[in-house]
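I have placed the structure first, in the form of C-alpha cells, so that the comments after it can refer back to it.
All chains are identified by letter, namely A, B, C, D and E, in their written order; residue positions are counted from 1 within each chain.
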Amino acid sequence: MSIATVFEIVLAAVVLGLGIWTIVVRETFSATVGFVAYGLLVALIWVRLDAVDVALTEAAIGGGLGGVLLLGAAARLRDADVMAAETPGKVVRASAAALSVLTTAALAGAVLLLPDPAPTLAPAAVANAWATGLSNSVTNVLMAFRAMDTMLEKVVLLLAIIGVWSLAPDSAWGGRPGPRHQADPDGVLAFLARLLPPVGIVVGIYILWTGADHPGGAFQGGAILASMWLLTIIAGLADTPPVSRRWLRFILVAGPCLFLVVGLVGLLFGAAFLSYPPALAKPLILGIEVAMILTIAATLGLLLAGAPERSAKP
Amino acid sequence: MSLVRDMITIAAVSAGAFFFLAGTVGLLRFPDTLTRLHALTKADNLGLGLVVLGLLPQAGGLRDGLKLVSIWLLGLLAGATVSQLIARAARHGESTR
Amino acid sequence: MTEFLTAAVGFVLAMLALGLVSILRGPGDADRMMATQLIGTGGIAALLLLGTVADVPAAIDVALTLALLATFASIAFVKKGLPRFEADGTASTEGE
Amino acid sequence: MSGTTVFGLCAAAAVGLGLYGLITNPQPLRKIIAFNLLGSGVFLLFGVVGRRGAAAGLGNDPVPQALVITGVVVAFSATALAIALLLRLFKAAGSATLSSAPMRADPDPSGD
Amino acid sequence: MLPPATVPDAVTTSCGFLLVLSIAVPVAGVLLAFVLGDRWVRLVAFTIIPIVLAIVAATVLVLPQSKGPLVYLLGAWTPPLGVALRADGLSAVMLAATAVVISAVSVFAVADFRPTAAEPRAPFAFWILLLAIWGALNTIFVGGDLFTLYVALELLTFAAVPLVSLDGRPETLQAALRYLLFALLGSVLYLLGAALLYGRYGTLDIVLLSSRIGAEPASLVAAALMTSGLLAKTALFPLHLWLPPAHAGAPAAASAILSGLVVKGSFFIIVRLWFQVMPGLLGFAATQLLAALGAAAIVFGSVLALRQERLKLLIAYSTLAQIGYLFLMFPLALDASGYLESGEALAGGLLQAASHATAKAAMFMAAGSIYAGLGHDRITGLHGVARVLPLSVLAFAVAGIALMGVQPSGASLAKDLLLQVATETGQWWWAVVLQAGGIFTAAYVVLVLAHALASSDKSVTLIGPASRPRDIAALILALCSLLLGLVPWEPFLPVPYDSTSSLFGPGTLFKLLLPVLGGVVLAILLSPWPHPLASSARWKVATRVLDPFRRISLAFGSLVERGNSVLCEWPAASISLLVLALLFGALMLVAT
C-alpha cells in the first residue's frame, strides 16, 4: 500500500467520521457545525480526484453558503430542539440501519465492478473544444455541449427564489427579506466587512475570468460575490433590497435571459438552438457568464436572506 | 538550486506541521474556551504561514506566489477578527450554555 | 519530495481530525464555532500541500476560495450561532 | 486498492449515512442536513466515475464534473427552499415537525 | 474504450425546432412574468399559453408525417457529448394532454388569481409557476437524456411545492415541506442511478443507453434506485405519504395541476426508463410487484376516498388509486421473452394517464367551484347543491363517469386494451383488478353524486356567485376525458381496433352497469357517512339486509385507515422506499 493510498484512507476516514458525527449527534447545532466542516473537507477529496472545478463549487457551497444557510436555520430553530422528542423507536432505527447498510453494500458492489478501462467522454470533449475556443473542458460542457441543462438549472434557481418569496406574509409582500442588522460602525465586524469585500470581489471576478481556461467559472465566482454581499448585510453596512424592485428582478433573470436569447438567435440564424458560431463563441460564452455571475450572486444572496419579512415602506 | 529549494520546503513544512501539532495539543489539553481559542488561532496561523513559506519555492510563478501569500494574509485577518468575536461571544454566552 | 509532502498532508490532516474531535465535543457553542477557524487554517494548509503533491496548481484557487469563505462562515457563525448575545455591539432587530 | 476505490467506497458510505439520517432523524432540519450528506455522496460517486474516465490529458472526465456542478446548484436551491419552508412553518405553527396530526376522529359508523 | 457512437437518429429532423420551442417559450414566459411583476403576470401568461398551445398542436400534427420520432440536437452536438430532444407518439399524447389541461385550468383560474385582488402574492406565484410546470413537463416529455430529465424533474418539483403552500396555512406548509423532502429523496436516488449508468456505459442518452445496456450489477442497482426514487415522486402506494395533504390543501386550480399533471411527470420517466432504456431488465417478478403495488394502491386509495369527509380529500385519495391503476400495464406489457413491449398495454397505460389527467383536473375544478359556492366541501353537506350549482355538479359527474370507464371515454378504451392483453397473456388476476378498479372509482363518484343530487330540506345559500366560465372550463375538460376514446390514436399509440363501432352495443350497457351497480354497493358498504336516502322507508328495509355486511366492511375500512396512518409516518414511508429499492434489485437479479 503506497503512502498516497494511506493518505487517501485517512482523508476518507476523517470525512466519513464527520459525516457520522453529523448524523448521530444529539444536538442540531453541533450537527450543523459538523456538516459545515464536512463540506469544507470534501473539497480536499475533489482536489484529490483532480476535479478542481467541483472542488471550488463544493468549497463555495458545501462549506460556505450552505453552512451559513443551515446554521441560520439551526439558530432560529434552537427552541424547537427540545420539543421534538419523537425519536423513532429501536425497531425503526435498527431496520433503517440495516437497510442503509444493504443499500451501501449494493452500491459499493456496483462501484467495485465498474469496468476497466472506464468509458469516458474526455477525448470527445477535448476534440470538440475548438468550437468554443475555451480550454477549460468543464466550462465547455456546461456552456456548450450540455448548455440546455445549465440554462434549465438557472431556471431552477429562479424558481427557488419564487418559492421562497411566495412564503412571505401578505403584509410583507414586495418588502425586504430578513432582519435588519445594525452594527457598531467602528467595531471589528464592520472593519472586516469593509476590508474583505473588495478582496472578495477581486477573487470572484478572477475565478470567473480564469474559468475560460482553468478551473473556475460563473457559479463559483458568483458564490464568492454573494457571500461578500451577505457579509456587508450581516455587518449592517447594507440592507437587503425590497423584492419588488424592478432592477433586482432584472438582475435575477439576466443570466438565463441572455442564455435564452443567444439560444434563440442560434435557432433562427445559426446552426441550432444554443449553438454558437465558432468565431463568436468565446465572446458570447463570456458575455453569458458575466450576466450569469451577477444573476447567481444576487440569487444566492437572496436565497440566504429568505422570504420578505419587512414591508418596503419604513 | 532545486536542492536548496527542496531543503527550504522540507524545513518550513516540518516546522509548520510542528505548530499544527502544538495547536492540536493545546486544543486537547487546555481547559477552557478562551485558552483553547488562543492555542488555535496563534499556533495554527503560524503553522499555515510556515506551510505557505515552504511552498513558495515550489510555486509555479509570481501569480501563484502572490496568491499563496494572500491566502495566509486572509487567514491572519480571519484569525484576528473572528477569534475576538468568538472570545466575546464565549464570555457573554457563558450563561446561555 | 512527493513522499515527504504526502506524509505532511496526512499529518496535518490527522491533527485537523484530532482538533475537530476536541472542538466539536464542546462543551459550549463557542468552542464549536472554532471549527471553521480550524479548517480555515489546517484545512487550507492540507489543501495547499495536496495541490503541490498532486500537481494541481489550481488547488491554490480552491484554497483562496476556502480562505475567503471560511472567514465569512466564521462571522456568520458568531452572528447567528449566539442570537441572544450581541457580538461586537451588533444587534439584529428581528422583523417579526 | 487505488484512490478511486477508496473514495468510491466513501461515496457509498456517505449515501448510506445520509439515508439513515433521513429516515431516523425526527427534526426536519436534520433531515435536510442528511439529504445534503446523501447528495454529497452521490456527487462523490460522479467524481469517482469521472476520475476513472481520466483521458486525453484530463485528470477527470469533464462531463460528470459538469453534471455535479449542476447537481450542486440544484441541491443548494432545494436546501434553501426547504429551510425557508421550515422557518415559515415554525413561525406559523410554533413547531417544526413533520409528524401528521390525526386526520380526524373516527366517524359514526351507523348509517341511519 | 467504447466504439464511436452510431446513433440511428443523430440528425435533427425538420420541424424538430418545435420541441425546442415547446420548452423555450414557457421558460421565456417565466422570465418575462418575473421581471414585469405583479400587474403583468396574468397578461404574460395569457400571451404565452396560446403560443405554446399552437406549438404543441403543430408538433402533434407534424409527428405522423415524419417517419419516426422528431429529433432535435441541441447546439448541433450529437449524443453522447451533446443532448438530444426527441418526441415520439408517447411524447405527443402527453404533450397534448398537458396543453389541454393547462389551458382549461388557466381559464378556470382567471378569476381566482386576479392580479388586482387584494393579495398580489398568490397570483404572482401562481401564474409563473403554472408556466414553469408546463415548461418542465414538456422537457420531461421530449427530453432525450437522463440528466436533462433529472433537471426537468427538479424544475417540476420546485414549481409544484410552492403551489401547495400558496395560502400559507400551517397545514399546507407542513404538507409542502413533506412533499419537498420526500421528492428530494426520490430525485437524489434517481441521480444516484444516473451516476452508475454513466460510470458503466459512458452516456446518459436514452437511445444510446438502450443499445448498450445489459444485465450487469451497475445497471441493476441503477435501475432499482431510479425506479424506487421515481415511484416516491409519483406517490405509488406505499410511498404516498405526501400526496393527499398536498393535493387537498392547495387552491383548486393548483390541485388540478398537481393531481392531473405533476405526478404524471415522474410516471412518464418511469415509462421511458422501462420501455425504452432497459426493456429487458425488469423481468416477470418485478413487473408483478409493480402491479401488485398498483393493486394495493387501488384498494387503499379507494377505501380511504370513501371514508373522507371532505370532497377535496376524497378526490386526492382517488388520485392515489388512479396512480395505482397506471402501474397495472407493466406485467401486461411483458412479452414471452421477458421484454417490455411497447404495444397495446403501453398504449392502454398512456391513455389512462391522459384520461386521468383531464378527468381529475376537471374534478378538482368542479370541487373548487362547489367550495367557492358553499364555503365548505363537506360531502354530507352537499345536499341540494345540484340545484344551485348545476354546472359544477354536471362537470363533476361527467368527469367521474369518464374516469370509471364508461364508453366512449379514454379510460374505457384503456381498460379494453389492458383487458384484452390480460386475456391474451393469461393474466386473469390483473383483469379482475382492472374491473375492480373501475367499480371502486364508480363507488366514490356515486357517493358524491348521491349526496349532491339529494334534495335538501333547507334552501342552500351560496356565499359566492357561481362563475359560469369556471364551470364551463371544468365541463369542457370533463367532456374531453369522456370523448378521448373517439380520438384517432393510431398515429401515436398502437391502438388496434376502432372503438366507435361498439359504441352502442349491448357491451356498452354492460360496461356502464357493472361499475355503477358495483359502485353503489361499495359506496353503501364502505362509506361511514349517513346515507342521503337514510330517511326513506325503502332504506330501512335495505338496512336490515345490509347491516351485517356493512359492519364488516366498515371494520375493514377502519383497518385500512389505521394501516394507512402507519404508512404515512415518515420513517415507515422512507423505510418502504428502501425496501422497495432492494426488492426490485433482488427480483431483477433473480430474473436475469
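Going forward, a contact is a pair of C-beta atoms (placed from the backbone, for glycine too) under 8 Å apart; a residue touches a chain by one contact, two chains touch by 3 or more.
Everything quoted here is computed from the prediction, not taken from an experiment.
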Self-check item: Intersection of contact partners for chain A and chain E
Solution: D
Self-check item: Length of the shortest touching-chain route, chain B through to chain E
Solution: 2
Exercise. Taking CA centroids for every chain, report which one is farthest away from chain E.
Key: B
Practice problem: Please find the two chains that have the most C-beta pairs touching each other. | Solution: A-D
Quiz item: For chain A and chain B, what's the span in angstrom between their mean Cα positions?
Solution: 27
Quiz item: Between chain A and chain C, what's the gap in Å when you average each chain's C-alpha atoms?
Solution: 18
Quiz item: If you average the Cα atoms of chain C and of chain D to get two centres, how far apart are those centres in Å?
Solution: 23
Quiz item: When the centre of a chain is set as the mean of its C-alpha atoms, what distance in Å lies between chain C and chain E?
Solution: 48
Quiz prompt | chain B, residues touching no fewer than two other chains | solution = 70, 74, 77, 81, 85
Practice problem: Two or more other chains in contact with one residue: find those residues in chain A. | Solution: 4, 48, 50, 65, 72, 76, 88, 92, 96, 99-100, 103, 107, 111, 114, 118-121, 125, 145-146, 149, 153, 156, 159-160, 163, 167, 188-189, 192, 196, 199
Self-check item: Contacts with two or more other chains, residues of chain E listed in rising order
Solution: 81, 147, 151, 154, 158, 161, 165, 168, 173, 192, 196, 199, 202, 571, 574-575, 578
Quiz prompt | Touch list for chain A against partner chain E, complex | solution = 88, 92, 95-96, 99-100, 102-103, 106-107, 109-111, 113-115, 117-121, 124-125, 128, 144-149, 151-153, 155-156, 158-160, 162-163, 165-170, 173-174, 244, 246, 249-250, 252-253, 256-257, 260, 263-264, 266-267, 271-276
Quiz item: Given the complex with chain A, which residues does chain E contribute to the contact?
Solution: 1-2, 12, 17, 20, 24, 27-28, 30-31, 34-35, 37-38, 72-77, 80-83, 119-122, 124-125, 128-129, 132, 135, 139, 147-148, 151-152, 154-155, 158-159, 161-162, 165-166, 168, 173, 192, 196, 199-203, 216-218, 220-222, 224, 571-572, 574-575, 578-579, 581-582, 585
Exercise. Please name which positions on chain B make contact with chain A in the complex.
Key: 70, 74, 77, 81, 84-85
Quiz item: Can you name the residues of chain A that touch chain C in the complex?
Solution: 3-4, 6-7, 10-11, 13-14, 17-18, 21, 25, 29-30, 33-34, 36-37, 40-41, 43-44, 47-48, 50, 52, 55-56, 59-60, 63-65, 67-68, 71-72, 75-76, 78, 172, 178-184, 187-189, 192, 196, 199-200, 203, 207, 210, 214-216, 220, 223-224, 227-228, 230-231, 234-236, 309-310
Quiz item: Can you list the residues on chain A that touch chain B in the complex?
Solution: 188-189, 191-192, 195-196, 199
